[in-house]
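Structures incoming, each one as C-alpha cells.
The two complexes that follow have chain A in common; it is paired with chain B in the first and with chain C in the second.
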Partner chain A sequence: MTDQIVHAALTAPAAALLRRIPGVTFILVGMIVVFAIGNPRFLSAVNFTNIGLQSSLLLMLALPMTLIILTAGLDLSVGALLGLCGVVIAELLVAGWGLPASVAAAMLVGLVAGAVNGVLVGYLGLPAFVVTLGTMGLCEGLSLVITNGDPIGGFTPALENFYRSTVFAVPTPVLVAALVYGLLSLLLYRTRFGNYVFAIGGNKDALHLAGINANLVHTGVYLLCSLTVALSALLLLGRTNSAHPSVAVGMEFEAIAAVVLGGTSFEKGQGWLFGTVLGVLAISVLRNGLNVLSVEPSLQVVCVGLLLITALLIDRNRKQASQNGA
Partner chain B sequence: MTTMDSPAPVIRRPQQLAPGTVAVVVRLGLIACIAVLLSSLSPTFATTDNLLNILRQASLLFLVASGLTLVIIAGGLDLSIGANLTLCACLSAAAIKATSQPTAGIAVALGCGVLVGLTNGVLINRVKIPPFLATFGMLWVAQGIAYWFMAGQVVYGFSPAFRFFGSGFWLGVPVPIWVMLVTGACGVIFLSRTTIGREVYLMGANEAAAVLSGIPVARRRTLLYMVSGLMAGLAALIYVARLNAAEPGIGEPLLLPAIAAVLVGGTSLFGGSGGLFRTLLGATILTLIVNALNLLNVSATWHPFVTGAIVVLAVLADAAVNRGARR
Partner chain C sequence: MLANRESPDGGPETMAVRPGRDQGTAEPLLRLIDISKSFPGVHALRGVSLEIHAGEVHVILGQNGAGKSSLIKVLCGAYLADDGVIEHKGRRIAIQGPADANGIGVGVIFQEFSLAPYLDIAQNIFLGRERAFAKAGIIDKAAMHAAARDVLAQLGLNYDTWTFAADLGVAQQQMVEIAKALSQNSSILVMDEPTAAISERESERLFEVIARLKQRGVAIVYISHRMREVVALGDRITVMRDGAVVASYRRDEVSPDEMVGAMIGRSLAGLKRREALAAGAPVLTVTNLQTAKLTDISLEIRAGEVVGLAGLVGSGRTEVVRAIFGADPLRTGVIRLDGADFAQRPDRSTRAGLALLPEDRKREGLALPLAVGENATAAALWRLFRRGWFAPSVAEKVCRNLITRLNIATPGPAQFVRNLSGGNQQKVVLGKWLAAGSRLFMLDEPTRGVDIGAKTEIYRLIDDLAKDGAAVLVISSELPELIHLCDRAYVMRDYRIVGHLGRNELSEKAILDLAVHQ
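Let's turn to the complex of A and B:
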C-alpha cells in the first residue's frame, strides 16, 4: 500500500502536487514578504532563531495531533496536559528528584492521560472532543490542586541551558522538533501502523473487518500524542524557566489550528504531515510579526482565528474550482 | 446534494418525546439522595434560604446550559458559550458604565450573544468547519477580544435597578430563578409543541432524513446557535448583576459545568434525544455536588477536577445507555 502511495506521488503531474499544497502556504509567503518589507530586521538570523524556537514547542504538539485528526478525532487536552507535566517535573525537581526520575513521572502522567483518552475514544467509540474536554478539565484541575495556583520556580538551570543551546548555530529545540517530525513521518508513511492511521479516518469498520486490531491502533495514536506532550514539557520549562498550571492553556487551539491550516481534514483520513509544519510556521510567523507591531497577546489569538478562517476559505474555493474544472 | 431516482422513502414525523420518564425519575431520586445526605451533614442545608441559594446558583448554570442543550439535541456542540458569556458581560458592563442606562447594557449583551452565535452558524454552514472546531475557535477569539477590550480592568458598581436582575427578589423568590422558570418553560414548549422544535430532534437523530423531508437544516442550525448565544448573553446579564462586576475571567470556568449539566441531565451527545427539563435537573445535581464539597470542607481548587471527572463519567454513562438503543 505504501508503494502505491509513493508510486502515485512520483507519477502525479505537477498540478496534483500544487493542489496538495495547502492555502496557508500562500498566506505564509505573503506574510513573510510583507513583514520583510515592513521591518528589515525580520530577515535577520536572530529573528529566524526566534521563529524557530517559537515553532518548536508548537510542532511537538501539532505533529502528533495530525495523527489524531487523521483518525477523525481531536485532543483538546494537550494544552492542559502540557501544563500538568510541566508542573509535575518542576515539583519533583524542587523536591530533590533527579531529572530522569522527574521526566519518567511526567511520562507516566502522559501515559495515563493518553490511555484514558485512547480507551474511551478507541475502544468505546465515544466522541473525542467531549472525552478530551473532560480530561482537559481533569489535567487542569490536577495542576491546580498540586500547585494551589502558584507558579513553581527555582529548579535546575539545566533545562534553560538546554533550551538556549545550539548545535551548528541551530537551536537544539528546533533539532528536537525536527527529530520528532522525522520519526513521525517514518511512522506514518513507512509503517503499517501509519497505513492503519489513515484507514481509521477513512473507514474504521473496514479495517476491523480486515482482521486488524483497529481499536488498539486508535488507542495508540492517543498514547503517542500524550507521551510526546509529556516530553515537550521539558521545552516548556526551558522556555519559561518556571511552571504554572495555566501557562499552556490554549496551546491546544494553536496546535489544532496548525494541523487544519496544513490541510489535514477531519473527514476521511485526508492529510499531510508536512502541511502541519507549514501551518505551525504560518502561526509562528504571524505571531512574530504581530509582536514586532506590539499587538497584545490576547488580540494575537484573534488573529490566529482569522488566519484559520481565511485559509479554510481559500482551500474551500480552490477545491470547488478544481471540482468545477475537472 | 443527492438526487433520488427511487421514490422517496416514507419519512415519519418525529414521534412524541422518547419515554424519558425513567431517566427523569432516576435523576429526581439522585437529587433526593444528595439532599438527604446533605441535610444529615449540616443543619443549615434544609433551610429555605439555603435551598433558594442553591436554586439560584443552579439557575445561572441552567441558563448557560439551556442553549447548549438545544444545540446538542440537534447533533451539534457549542464550546463558545463560556467565552461568549465573558464577552457579553464585559461589553454590556462597559455600555452600562458609558451610558448609565441598564437598557443599553441589556441590548448590548443580548445583541453580542446573538452575533457570536450567528458567526458560529456561518462558520459551520458556509465555511464548512466542523461545529466543535468552529465554536472552539470562537471560544479563543471571543476570549481574546474580551481580554483586549478590558485591558486588565474590572468594571464594577452598578445601579440597584440593574442589580435587581441578579440579586433581587420577587414574591420571596430570587429573580434568576424566575428567569430560569420562564425561559425553561418557553424552551420546553418550543421543543415539544412547535414544528421547529420537533425538527430539532429529527436533525439530531438523522440529519439526512431531515434534509430529505425538506427541513432547511442549515438555517435551523444557525438559529439554534443564535439561541445558544442569546442565552449566554442573558446569563451574562444576570451574572454581572449578581457579581456587581465584570472581568474577562468570569465565563470560561462555566463551560465544563454547562456541558456536565447537559450530560448529567441525560441529553445524549449523539443528538436526537434529551430536553430542557433534564438539563434543569442536571444543573441542580451539579450545584448540589458543589454544595456538598463545600460542606465537606473540600478546597475549591478541587472543583475543576471534580467537574472534569463528572464529564468523563457522564459521557461513559451516556454511551452505555445509548449503546443498547443504537447497536
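Let's turn to the complex of A and C:
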C-alpha cells in the first residue's frame, strides 16, 4: 500500500491520492487541533514526549498484529502474553538470573505461545479467534499462578533507566518502536515473506499452488508477533518498574483497534502498516488529550471505542462516495 | 530473469527445424498411463491415458463432470492420483505436490482465479518466484515490475503493474492469470478455459501467443467448450466422458459434429435459430435510465420475447441489468413492470417477478457452502411458509420438482452446491428464479464455463420460458449464441445503447459494427 500511495502520488491526480489516505488521518489532525485549543499545554514538548512514550509500547503490539490481521487472523493473546513475559522476567531477575538469561526465558515463553497459536491456526486451520482466546486464558492464568496475584518489584533499576533515557531528546522507547516499524516494513514490503503475508489473507490456495509452504509462512506470522510481544515486556517493566500479572490485560483491545483504525481490513489481505502507526497515534493522542483535560480513565476507554466506530463509519462513507464516482 | 527451462530436444532451435508431422511418432514429453482418482462416492478419473507432445496443442473436451478438472489437478499436483503411472521424457516420475509439478515445468492457468487481491499485478505474476529478483532477501521492485511489464507486453497489454488485483475487472484478472503462467516459461502449459471471461480481441492475442509458444516447443493442454477454438487450435483432441477417455483424434481426422457426438454420446445438429413467438404485452419498459456509469438507457421487452443485450466486455451490459434489478442505485429514469412503476430494491424486484442470473455465479448467484436445496429455494422463501412457519416439506417438494424439471445432476437436495459441475450450478441458479415464479428473466452470460450438453439444455429452458409467456433478456459475449437465441437485440458501447437490431438484421457483423469503435 505504501508503494501504491507513492506510485499514486507520482502518477494519479490529487483526488485519487486523497481517497487512499485512511480516515483516521483526518480524525488525528482534528483531535490535535481541538485539544490544542482546549489546553495550550497539549502542544508542549513535554507532552509530545509523553505521547511518544505512550505510543511506543502499543506500537510494539499493534505492528505485528497488523501482519496477523492481514492474514485474515487475529491474536487476542498479546495482552496476556505481554503480562506473562513481564512476570517471568521480573521473577527471574529477583531470583538473580541476570538480564540476558531472564530475557531469553521470556523469549522462550513467546516462542512457545507463538508456536501454539501458529500451528493450530496455520497447519490445522482452527479459527484464530478461538485459538488465541485459549492462549490468552493460559497466559493470564499462568501469570497469576507464578505471582499468586501479587505484583513483583525490587529488581534492577536498569530497565527503568533505559525506559527514561533519551537519544538527542528522543525517548529511547520511541526509537525502539521506530526500529521495529522499519524492520517490519522492510519485511512486509520488500521480502518474499511479506508478499506471502498478503497472499495468505487474499488467497491461501494460490500461494499453496505456487509451490510455497503456505502453512509454514502462516505459522511464522504468529511466531513473529509473539516474539515481538516478549521483547516488549522490557518496555512494560521499564514503564511500571514492577510486574503485575494483570497490568497488560486489555491491551489487545487497543492493539486491534489501532490496526483497524489504520485501515487494515480483516478480509482479503487488505491493509497498510503505516496506517497502524496513525491508528496508534490517534489512540495515544485521544488518551493524552483527555488526560490533559482531566477526563477520568474509565471514560477514556469509552472514548477509544467511540473513536474506533467513528473511523469505521468515515471510511465506509468515503468508500461509498468513491464507488458512486463523482 | 528467470531461467529458461530447456525444451526436450535441448533448445528451441532444434524444435523449429524439425518437421511438424514427425512429432506424432516422437517420444511424448509427458505420458499419463491409466490414471485413476476417486473420492467417496465418485470415480473422478477411471484409467485415463494421455500423451502430451512438445510443440503441440492438446485439446481436452468433455461435459461437466467428465473429469477434465480432476485431470488438471493431478497434473499440477493439487490431487494425488490413486493409481497409474506418469512418465516425463520416458522416465517414471511422481507428482506429489505443486512443487513436483513445477519441477517438471508444468504451469497452469486456472479457471478459478489464483490471484491475491491486495498484491499488485507484478507481485501476483511472480508469486512464489520472487527469489529471482531478491538480493540478500530484499526484492528489487524495479526489476520485478520491469519483468512484469515485459510479460504483459507479450500479450499486447500495457497495464499499470502497480495496480492491486482487487481493482481489476474479471477479464483483466484473467489476462494477468495468463501472464503469470507465461512468465513461468513452462514446458507444459495447462489452460483451463482461458477465454471464458475475456473478449474476442484478447482471445486473438492469446491465440497468437499460443502459436509462438508452440514454435518454442512448449506443450499446451487446452480445455475449452468453444468448438471454434478447438478446431482452430487443437493438434490433438481428446474427448472425455464420465472420467474416462472416450476418443482421441488428430486434428485432420475429425469433424466438430463427431467430437460433439463423442462428448454427449449422440450427434447434435448445428445451431439453428430459435423460432420466434408472437410477442405479447410489454413486460419491462425502461426509459432514459441513468446511473453513476450508464447514460440514457431505454429498452422494452414483451412477453414471450427473448431479447439480446450485446456489446463487448465492459460496455455496460451487466450494469444495465443490475440497475433494473435494483442492485445499483439509479440517478434518473423510469422503470416500469407491466406498465406500473416499481421500487428498485432487490427484495421488491424478486417478489415483483424479476430474476437476475449474475455473471459471476459463484460469487453472486450461489451460496457455495450451502446445499442445492437451500440455494434453489433462496429467492422463493416467502412462498414456503405455512401459517407463519417455514414448511420444510414444501421446500423439499419444490426442490425435487426443480431437480427433475431442470435435469440437475445431483444425488439430492442435500448435496452441497460447490460439489456440482458448472453447468449444474447454473441450473440451480435458474431454478432459484423458477421457484420464485419470476416472469422477467435477465440472464448475464448464462452459459459461461458451461459445456455443450448443459448449454443446449439451457437454450431449451430459455425457449420454454418464452413459450410460457416470460420475457427474457440475454447478455452474452458469444455472438452465435445471441443470434441463435434472440428475437432482436440491443447493442451497447461505452455504457450507452448504440443500436437496435431486429430479427432480420441480427448478424455477427451487424453486432460487431455497432459494438466496436470505428
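The rule we apply is simple: the second predicted complex is superposed on the first by the 309 of 326 C-alpha atoms of A that agree within 3 Å, B and C clash if a C-alpha of one lies under 4 Å from a C-alpha of the other, contacts with A are read in each partner's own complex, and residues count from 1 in each chain.
Assume a residue touches a chain if its C-beta (ideal position, glycine included) is under 8 Å from a C-beta of that chain, and two chains touch if they have at least 3 such contacts.
Every value quoted in this text rests on a predicted model; they were computed, and no experiment measured them.
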Applying the document's definition of touch, where does A:Asn203 land relative to chain B and chain C: first, second, both, or neither? second
Just to be sure I read the superposition right, which of the two partners does A:Leu312 touch: chain B = first, chain C = second, or both, or neither? first
First (chain B), second (chain C), both or neither touched by A:Pro40: neither
Which partner, chain B or chain C, is in contact with more residues of chain A? B
Could you look at A:Pro100 and tell me whether it touches chain B, chain C, both or neither (first, second, both, neither)? neither
With the two structures laid over each other on chain A, which partner does A:Arg190 touch: chain B (first), chain C (second), both, or neither? second
Using the touch definition from the top, say if A:Ile212 reaches chain B (first), chain C (second), both or neither. second
If you stack the two complexes on chain A, which partner ends up touching A:Gln270: first (chain B), second (chain C), both, or neither? second
With both complexes overlaid on chain A, does A:Val131 touch chain B (first), chain C (second), both or neither? first
Show me the chain A residues, by the header's touch rule, that chain B contacts in one structure and chain C contacts in the other. none
Contact residues on chain A for chain B in the complex? 74, 76, 116, 120, 124-127, 129-131, 133-142, 144-145, 148-149, 250, 253, 256-257, 260, 266, 296, 298-302, 304-306, 308-309, 312-313, 316
Give the list of chain B residues in touch with chain A in this complex. 77, 79, 123, 127-130, 132-133, 136-141, 143-148, 256, 259, 263, 269-270, 299, 301-309, 311-312, 315-316, 319
Chain A - residues contacting chain C, complex: 1, 3-4, 7, 11, 186, 190-192, 195, 198-199, 201-203, 205-212, 268-271, 323-325
Provide the residue numbers of chain C that touch chain A in the complex, in ascending order. 76, 78, 97-99, 101-102, 108, 110, 113-120, 123, 127-131, 134, 137-139, 141, 160, 162, 164-166, 292-293, 329
